[in-house]
Amino acid sequence: AQDRLILATTTSTENSGLLDEILPTFEEKFDVRVDVIAVGTGRAISLAENGDADIILVHARAAEDAFVEAGYGVNRRDVMYNDFVILGPADDPAGVKGMESAVAALEKIANSESNFISRGDDSGTHKKELSLWEKASVKPSGSWYMETGQGMGASINVANEKEGYILADRGTFLAYSGDIDLELLVSGDPLLFNPYGIIPVNPAYHTHVNYQKAMALVGYITSQEGQQMIYNYTKYGERLFNPSAITPENFN
Amino acid sequence: MNYIIEAFQEAWYLIIGFDRELFNVVSTSLRLSITSTFFASIIGIPAGIFIGRTNFGRKKIVNIILNTLLGLPTVVVGIFVYSLISRRGILGEYEMLFSFRGIIIGQIILIVPLITALIRNAIYSLDEKLYKTALSLGATKIQQFKLLLLEARYGIMGAVITGFGRVLGEVGISMMLGGNIKGVTRTITTAMALETNKGRFGFGLALGLILLLLAFIINIGVYSLQEGKEYEQR
Amino acid sequence: MSSDKIILKALNIKKNIKGKNILNLREFNVYEGQFNFIIGHNGSGKTTLLNILSLVDDDFSGDLIYKNQTIGPKTDKVKLRRRFSVIWQNPYFYRGSVIYNISLPLRLRGLNKNQYLKKTEEIAKRLEIENLLEQSAATLSGGEKQKVSIARALITEPEIVFVDEPTTNLDEESIEFFNSHFAELVTEEMTVVMVTHDKNQIRSLAEKITVLKKGSVQYSGPIKGLHYQNDNNYYSSKQDYRLLMKN
Amino acid sequence: MNYIIEAFQEAWYLIIGFDRELFNVVSTSLRLSITSTFFASIIGIPAGIFIGRTNFGRKKIVNIILNTLLGLPTVVVGIFVYSLISRRGILGEYEMLFSFRGIIIGQIILIVPLITALIRNAIYSLDEKLYKTALSLGATKIQQFKLLLLEARYGIMGAVITGFGRVLGEVGISMMLGGNIKGVTRTITTAMALETNKGRFGFGLALGLILLLLAFIINIGVYSLQEGKEYEQR
Amino acid sequence: MSSDKIILKALNIKKNIKGKNILNLREFNVYEGQFNFIIGHNGSGKTTLLNILSLVDDDFSGDLIYKNQTIGPKTDKVKLRRRFSVIWQNPYFYRGSVIYNISLPLRLRGLNKNQYLKKTEEIAKRLEIENLLEQSAATLSGGEKQKVSIARALITEPEIVFVDEPTTNLDEESIEFFNSHFAELVTEEMTVVMVTHDKNQIRSLAEKITVLKKGSVQYSGPIKGLHYQNDNNYYSSKQDYRLLMKN
C-alpha cells in the first residue's frame, strides 16, 4: 500500500491553498499520500504530542520550541513567513491609519476604547496580539475588547459586523477582502513578522510515525524547488508567503 | 494523556471552584436552549398535531420535506440566518448577529422540524376513538386540543426533550450566529469547541461532562414534576 | 306515552367510504321523550348512523334538523353536543382514573371541583361502581368499562342520549339492573336513541323502532307496527318475531 | 452578498457540472451515514424495545440517562472517542483515527441514544393487547419480535430516519475523528465547514442545499419503498 | 358426554395486583372434549383466569397441569399455545386486512401461501364473512370484529379453545348462527372453555360449569349440580335460577 503521511497544520495555511500547490508534486515524487489535518495551532501540536500526526507545519514560535524541548519533535526548520496587519473600519475612529508602529496603534485604539476583536484562542495570531499589548503596556479589558475564540475568518467577520479593529494575517484578510467593509490600516512593522516552521515528530518518542517521509517533506519544502513554489504562489494578485529557508536572492 | 480521567478531575474542580466564567457559559447555554425550545415547541406542537390529524392534499410531500429537514445541518442554518441578519442582510438593521436573538432564531429553525416530526409520529399512534369521544363529551375546539395534548403527553414530552437536547448540544449555530464572544454569547459548547481547538481536550471534555450533568438534572426535574409516578408505573 | 314530537330529524343522509355505500336514509326521526330503538344486522350501519346523529361525524351528505332548525355550518355544534351524550359500543377512556373519566364532561362544562366530585360520587353510587373510582380506567374488566361509560354519559343529564349496545359485556344481574334503572336514570324529559340486539330490552323499553338493513331503513315507526314480512326484514324467523311480539 | 441566491446558483452548477470532488464528498457522507445508522439501529431498536417493554428495577434512572444523552454534543463524543483511538489511547494500535471507522464509531455513539429513546416512545404508545394476542396466536419469541416491529413500523421508521438525519448533518465528529482529509474523509458537512471558514458562504450553503436534496431523495425512496400507500391513507 | 378426563388442571392459582386479590382458586379443571363454562359477575376474575389458563399471562402463583404434566419453566410454552386458541372479549387486530389477520396464526406456524389462503377462505365462508376479507380490520363494525376474531381462533383447529363472551356485539341472527354452528365448528375432540353471560348458551351448550365470585370458585361441576343457594351464588334471584334450569 501507498505510504501515508499525516501533516497537521493550521487552518490559515490550508485555507491559503498553498499546500494544494506544493503537495501533489511531493506526493508523486516520493510515492506518498499526504493527509492534511487542518486545525488550530494548539490542537496541531497536541495531535503531534499524542503521536496522531507525523509532522506539523505551524506558526507559534514559543510553543514550537517547547514542543521540541520536550522531546516530541526533532529537526525543526524555518519554512516561510508572512505578516500580520491591523484592520479597522473605514472611518477609523481611533485614527491609526498609516501608522508605522503596531504598538502605538494598539495604544491609540485602547485609549479611544474603540471596538477591538481578539481571537482569544491561543493561536499564533492571538499570541502575537497579546505580545503587542504587553509591549504597549495595556491590559485590554472592558466591553470594547471582545474575544471571539474562533478562527481568523470568523473573527474578521465579527470585527466587520461590530465595526472594530482586529489583528489578522494577510492571507486571510485578502481572502475576505471582497466581502467586508474593513480596511487595511497598519502594516509593515517588523514586529508583525509571522514565521512558519515545520517539525517532524520524534521517531524515538513515537516509534510508529512515518519519520522517513516526514524528513523527506522537510527536505522538499526547504529545497530550491519547494521554496520557489512558495515564492511564486500568488492569490488575489499578491504573494501570500515569503520563503525563509532559502532567500530569493539565492534561487538558481 | 488519559483525557477521560483528566476530564472528570477538571470538571470536579470547575464545579466546586464556582468558576465565574463557567457559571457564565452555563447560564448562557441554558437561557438560549430553554428559550429556543420554548418557541420551537409553540410552533412545532400545533404543526405536528395539524399534520398528524388533518388530511390535506399535499400531505405526502409535506411529510417527506419534514423528514428531510431532520438532517438540517447546523452550518446550513447558520449560513442561512447569517445572510439574513448580517448588516448587509435584509434584517440587518435589527443588529441580531452575534447576539442572543440571532442564535435563538437559528436554533428555532433547527429544531422546529424535529419537534414537528416527532409530534406528528406521536399523534399517528393515538387511538382514533379519542377524537370522537372528545367531541361527544362536549369539548370545545380548545378543550379538544387540550385533551389531545394530555393523551399524547409522553410523546410530546419526548419530542420537546429531544429538541432541547439538540439545541443544548449543538455548536454550529451558536458559533456562527453568536460568535462565541467571551462573556456575551459564549456557550458551553462553543467554549468546548474553543478548548478542543487549543488542544486542551481534557478541559473540553470536562465542559462536556458539565453539560451532560446539567441535562441530567433538568431531566430529573422534568420527570419528577410532570410524569412522576405514572412514568414509573409503565 | 308523550305526544309524538320530533326532536331530531335526519333527511337524505348518505355516507360513502371508498365508494362503498354505508348509509342511505331518506328520513329518520327521533321522537322527544321517547325510547327510539335502532335494530339491524351486524354491519347494517347502526353505529355509523349514531355517529352522525350525535354530531361527532360530519363527513356525510344530507340534513339534520334539531327542533325545527337545520344544523348548518353556523350552528354552535359544541352547544348542541353538550345537550347530547353517547354511550359507545367500544368506549374509549382517557389515561387516568375512573373518577377522572366520569367527571370529565362536567369539567369540560366548567363545573368546579366540589360540584363535579359530588355528582360523580352520586352517579357512581347509583351504578354501584363506587369501589372502582380510584382505579385506572385502562385496567377495568369488560363489564366494568361498560358501566363506567354509562356513568360518564348520564352525569351531564343530557337531553338526548345515544346508546350503542349498552349491555354488551354486562352480566345478567347488571343487565337487569340496567334495564330497570336506565328508565329511572333517564328522566321523563330525556330522549333515548338506542341500538341493541337484546330482545328483552326492545320488548320492555322500545316506543319507536327503526330497522336498518344494508344502510337503508327497512321499517320505522311504533313497535306494534312492526310486522313479520317474508322477506327483507330483520327477524329471520317467524318464531323470533313472535317472541318479540309476545308482550 | 445575497448568499442564498448565490448558493442556489452554485449548487446548480456543481450538480450539472458533475464535479468530481463533489461526488467524492457526497459518496463519503452517504457511506458513513448509512453505515452508522445501520449499526446504531441494530443496537437501538432492540434496546428501545427492551426498555419500552420490560419492567426492571432501575428503569427510571435508565430513562433519565437516555433522555440526557439526547443532548450529547458531537464535540464530547469526538473527544471521548479520540482519547480511545488516538495513538496513546487503549485502541490506538488499530489506527482508526482519521479513518472511516473512527467516524463511524463516534456517530454510532451519537445516535444510539436518540434511536433508542424514540423507539422506546413508540413502544410505549402501542396497545398492551398486542402482546397477549401475539402469544395466543402461537408466536415464538422471534415472531413476537417481528410482529412488534411490524406494528411499531411507523415509529421505528421515524426513529431511524431521525437518526440518519442527525448523522448526515453532523459535523463535529466527522471533523474531529475524520480530520476532513481531502479525498479521504471529507464529507459534505466538513467541506461545508471548511468553505465557511474560508468565507465562501455561498459555496458552503450550496453544499448544504445538495445535502438536503440528497436527504430528500432518500426520504422519497424510503416512503415509496416501505410505506407507500399506507402512509398516504393516514 | 365423553368420560370426565381432565386435560388442563389449575391448582392454588393466586393473582394479586397492587395488593388487591384478583384471583384465588384452590382447584379448577378443564374436561377434555367438553364445554367448560365459567360464569360470574362483572369483575369476578373470569378474563383473568382465561389469560392464565391460555398461557398468555404468567404473572401468578400456583400450578398448571396439562395432560398430567406440570407446566414448568422448561415446558415449551409456544408448542402448547399452538394447541390453544383464544377468542378475546375485546379482540386486538394487527394493522392490515381481515385476510391478513385471520391467516396470521397459520403463517406463524409456517404454512405456505396456498395453504393459508385456502383455509382462510374456507373458514370465512363458514362464518359468512367472505365479503369482509379485503377490508382493513380496523374499520370493521362491532359484530364483524367479533366474527373475524372467531375465525382467527378456529382456523388452527385448536385442541382447547378459550372463549370470552363470544356473542358480545353480535346480532340475534349471528348469535343463533354462532350457537348452532359453534358446536359444529368445534369438533368432537375440541375442548372449549367459555365465559358467557348468555343463559341460552349455558342452557344449550354447557357440560361443566364454574361459578366465580370475587376471584374464588363458588361452584364447580356438572351443570345439573348447580343449586340455588340463598347466599353467595351467581344467580341473584330464584326466578333466574329456575329460568336457567328450565331445560
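Each chain gets a letter, A, B, C, D and E, in the order it is written, and its residues are counted from 1.
By definition in this document, contacts are C-beta pairs under 8 Å (C-beta built on N, C-alpha and C of every residue); 3 or more make two chains touch, one makes a residue touch a chain.
Everything numeric here is computed off the predicted structure, so don't read it as measured data.
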| item | value |
| --- | --- |
| Chain B to chain E, fewest steps along touching chains | 2 |
| Intersection of contact partners for chain A and chain B | D |
| Touching both chain A and chain D (chains) | B |
| Rounded Å distance between chain A and chain E, as computed from the means of their C-alpha atoms | 82 |
| Inter-chain centre distance, chain B versus chain D - centres from mean C-alpha coordinates, in Å | 17 |
| CA centroid of chain D to CA centroid of chain E, Å | 47 |
| For chain C paired with chain E, centre-to-centre distance based on mean C-alpha positions, whole Å | 29 |
| Junction residues of chain E - those touching two or more other chains | 90 |
| Residue numbers of chain D (touch at least two other chains) | 1, 86, 88, 127, 201 |
| Multi-chain contact sites of chain A, meaning residues that touch two or more partners | 50, 154, 157 |
| Each pair of chains that touches, named by its two labels | A-B, A-D, B-C, B-D, C-E, D-E |
| Parts of chain B lying in touch with chain C, wherever the complex brings them together | 127, 129-130, 132-133, 135-141, 143, 147, 150-151, 153, 230 |
| In the complex, chain C residues that touch chain B | 51, 54-57, 78, 81-82, 84-86, 88, 90-92, 94-95, 104-105, 108-109, 152, 156 |
| Residue ranges of chain D touching chain B (in the complex, touch as defined) | 1-4, 7, 55, 59-60, 63-65, 67-76, 78-80, 82-83, 86, 88, 114, 117-118, 121-122, 124-127, 154-155, 158, 161-162, 164-166, 168-172, 176, 188-189, 192-193, 196, 201, 204-205, 208-209, 211-212, 215-216, 219-220, 222-223, 231-232, 234 |
| Chain D partner contacts - residues on chain A that touch it in the complex | 6, 11, 14-15, 35-38, 50-52, 151, 153-154, 156-157, 175-176, 179, 206, 208 |
| Touching residues on chain A, where the partner in the complex is chain B | 39-40, 42-47, 49-50, 120-122, 146-150, 154, 157-158, 160-162 |
